[in-house]
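Heads up, the thing below is written out as structure tokens.
Naming follows writing order (A, B, C and D), and every chain is counted from residue 1.
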Amino acid sequence: MIDKRVASTAAAVAGLADGSTVLVGGFGAAGVPVELVHAVLEQGARDLTIVTNNAGSGEGDVAALIRERRVRKIICSYPRSAGSVWFEQFWAAGEIELELVPQGTLSERMRAAGAGLGGFFTPTGADSLLAGDKEVRVIGGRRHVFEQPLPGDVALVKAFRADRWGNLVYRAAARNFGPTMATAAALTVVQVREFVELGALDPECVVTPGVFVDRVVEVGV
Amino acid sequence: MTAARLSPVEVANRVARDIPDGSYVNLGIGLPTLVGDVVSAEKEIVFHSENGILGMGPAPAPGLEDPELINAGKQPVTLVPGGAFFHHTDSFTIMRGGHIDVTVLGAFQVSEDGDLANWATDDARMPPAVGGAMDLAVGAKRVLVLMTHTTVDGRPKILRRCTYPLTAARVVHRVYTDLAVLDVGPSGLVVRDVVAGLPRAELQRLTGAPLTFADDVATLSPAGP
Amino acid sequence: MIDKRVASTAAAVAGLADGSTVLVGGFGAAGVPVELVHAVLEQGARDLTIVTNNAGSGEGDVAALIRERRVRKIICSYPRSAGSVWFEQFWAAGEIELELVPQGTLSERMRAAGAGLGGFFTPTGADSLLAGDKEVRVIGGRRHVFEQPLPGDVALVKAFRADRWGNLVYRAAARNFGPTMATAAALTVVQVREFVELGALDPECVVTPGVFVDRVVEVGV
Amino acid sequence: MTAARLSPVEVANRVARDIPDGSYVNLGIGLPTLVGDVVSAEKEIVFHSENGILGMGPAPAPGLEDPELINAGKQPVTLVPGGAFFHHTDSFTIMRGGHIDVTVLGAFQVSEDGDLANWATDDARMPPAVGGAMDLAVGAKRVLVLMTHTTVDGRPKILRRCTYPLTAARVVHRVYTDLAVLDVGPSGLVVRDVVAGLPRAELQRLTGAPLTFADDVATLSPAGP
């Protein structure tokens, strides 16, 4: 019997260890697993590395984890959104580490981790400062930079509907990083608006098959 | 000076004229989004948004916003019939893989070789941020830049070499400014359009790289040439 | 106005040049674009490199192209199916070239081409003869082999339904290589069972967005 | 010889006992597919097929075959409630990325280090063919081999070193044969089960690598130990 449903967001994030790398879905406010992030805040894990596109906004979600000094490092593409005040303050004070990754490379590095690949060459950023001291190789006459897989200990994902096997569908542009992050973590934790019966999701339309999912919690939003 | 600079909407109009019917287009955040507002309704253009949308439509009517249907600038948008959603990795397959016909990007600087600097300045007080700019710059079939010709204090933004950190090297095809339209050619910048009333020497003075002029330079005016 | 629909399979494959690399979908008999392959047979292009999972079966599809000496080389994972008699005969006679690629690597190499990547390291086959003289690198304590992108000049894909923008949905296990091949070719040609109106496909369930598709023909199967 | 070799179904039964409830499982083509037929109905096992299926069910009733719903061996199958379809690249993400809990593969040879040879022999008359064997071998969390203990002419298939071309090195966890169950341990092969009536010396004689025996070796019999 497979039943990945858990009763609470606390149960969903139980066991998160200090020092973990946590992949957090969302682009802007769409697809951010706010309830799960807040459960991490309650749960208490610290010294976290957070992988996410933005650096949180206002006082909620990842911004709250930063404010409470629970984040050692953030790996993201765009930490300078309106409202990323806690990140900006800690960054200016040298109290949080930033690894800036082009957005497509961020997603692709997580995909490589999820797909069991050892890394890839991409032209993105190869002519930029972000290539840093990474290996550069000319392929097909064009400079490429070698990028490494980026796995997570835990992924926190927001989806729309799930069944007890953890099959997921998403909504509109809230899909964003969720399907990739779900493949890339040792433990994938998902919040959904609603549970549905096994067999209720169209097998042609399942976006994340349950094989990638460990725990699902219904949060109603 | 007798020449009136074009307004941003007027530059956007000029860009829109160059986008062929049937194109798949990604508009960078900021000024480039204006292009979507002015493109001819007679053309069927499919707009892509990096956060997983093809067939992005205009902003919804007030009250009909869907917080899960936003564009790359995090503003509410709509989906047109024929549109589709996909995840980020697939979205950047579209961008990096050469499937976008045209991207219109803002820029801090463009070099005569088509180098693009649009993600970072030399201001170290703000944390760096890059988003999807580098993926678009390397991946789109045609990279158009829409920007003012000079900085707010009058310095050229078109240069022999960019002084700001590069987004990507040798990627820009054409630059649309409030003063001119310039192609990045194999032997440097070629002026295609100049705003009405602007002497060529003055355009050259406001540009940090040598210009050549096409045989059939058109006149840019608010109504279009 | 975007209308990628064409009236015949002949129009769908028009212009295919001698010497082209052609990606052909399908796994076993499911998802093989039989009508398009037969149109290529009629069209006449020769000296083709065919990228496909199997090497054709019986007298139809890719087997017919091989029989008619139109295929210079085949890149596939499993050319030894029941009924691959024409391939086996030409291979034994040294009249067709074979590049054998592990199945996941075959798909991933086409994905890399479609995604604009310069290649990737995979553990698959790294300890095998198929690593050949490819670059080998130990990553995370494990041997990986470097694999290059595999683009096509043309992809021939079978899908279930399409609209005039070329958005596609597939059916069951006939999906297989189609979505990846559609991304990896300069010209992607698709046969579908039926056309539907623009807007009739659920935007959450489109598998191949039309941006990857150039021509679509309705064949009724 | 007093020992009766197990039948393929009996070996499949023994394998099935070791697959935990709730596992995601990929069965190689050939003998391993028998495991799917005999696994306990009390366990909920999700079967994966490399051609894009999770939740693969048994063969359909005659007349209900769907030519687009086939397994890796190209035989008609069904989909159970909760199943899903996906494309090949995603399917191999599942396989290579470590998401399959257990794979059961056939083999020509297995070495004492867990090297697997199951894709090519030394017969150069047939074209080589590999399919998804290498991806499964490197990617599954647990690689089980189901094979006869010896070749049809009685030679060992379990060896110090494989003589056939490798599929992958050091990947096999456990081998199930018609004579024994053996773990690939850090210092060689450890026998877990032996078929009823087979002396240890005889098992060793039929095996091309040194064996050690677990403290609690079980007896394999058609009814199971």
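Just a few scattered comments:
Going forward, contacts are C-beta pairs under 8 Å (C-beta built on N, C-alpha and C of every residue); 3 or more make two chains touch, one makes a residue touch a chain.
What you are looking at is a predicted structure, and each value in this text was computed from that prediction instead of being measured.
Centre-to-centre separation between subunit C and subunit D, using Cα means, comes to 30 Å. Subunit A and subunit D have Cα centroids lying 35 Å from one another. Per-chain Cα centroids separate subunit B from subunit D by 56 Å.
Chain contacts: subunit A has residues 108, 111, 115-117, 122-123, 170-172, 204, 207 touching two or more partner chains. The set of subunit B residues that touch two or more partner chains comprises 79, 85-86, 92, 95-96, 138-139. Taken as a contact graph, the chains fit none of the simple arrangements: neither line, ring, star nor complete graph. Of all possible chain pairs, those that touch are A-B, A-C, A-D, B-C, C-D. Looking at the complex, you find that subunit B touches subunit A at residues 49-53, 66-70, 74, 79, 85-89, 92, 95-96, 115, 119-120, 125-135, 138-139, 165-169. Partner subunit A is touched in their complex by these residues of subunit D: 21-22, 24, 44, 46, 48, 54-55, 79, 81-86, 92-94, 96-100, 138-139. Partner subunit D is touched in their complex by these residues of subunit C: 27-31, 55, 77-81, 87-88, 91-92, 98, 100-105, 107-108, 110-111, 122-130, 143, 170-180, 207. Subunit A contributes residues 108, 112, 115-123, 137, 139-140, 142, 144, 169-172, 202, 204-205, 207 to its touches with subunit C in the complex. For subunit A in complex with subunit D, the residues that touch the partner chain are 1-2, 111, 113-117, 163-165, 167, 183, 198-199, 201, 203-204, 206, 209-212.
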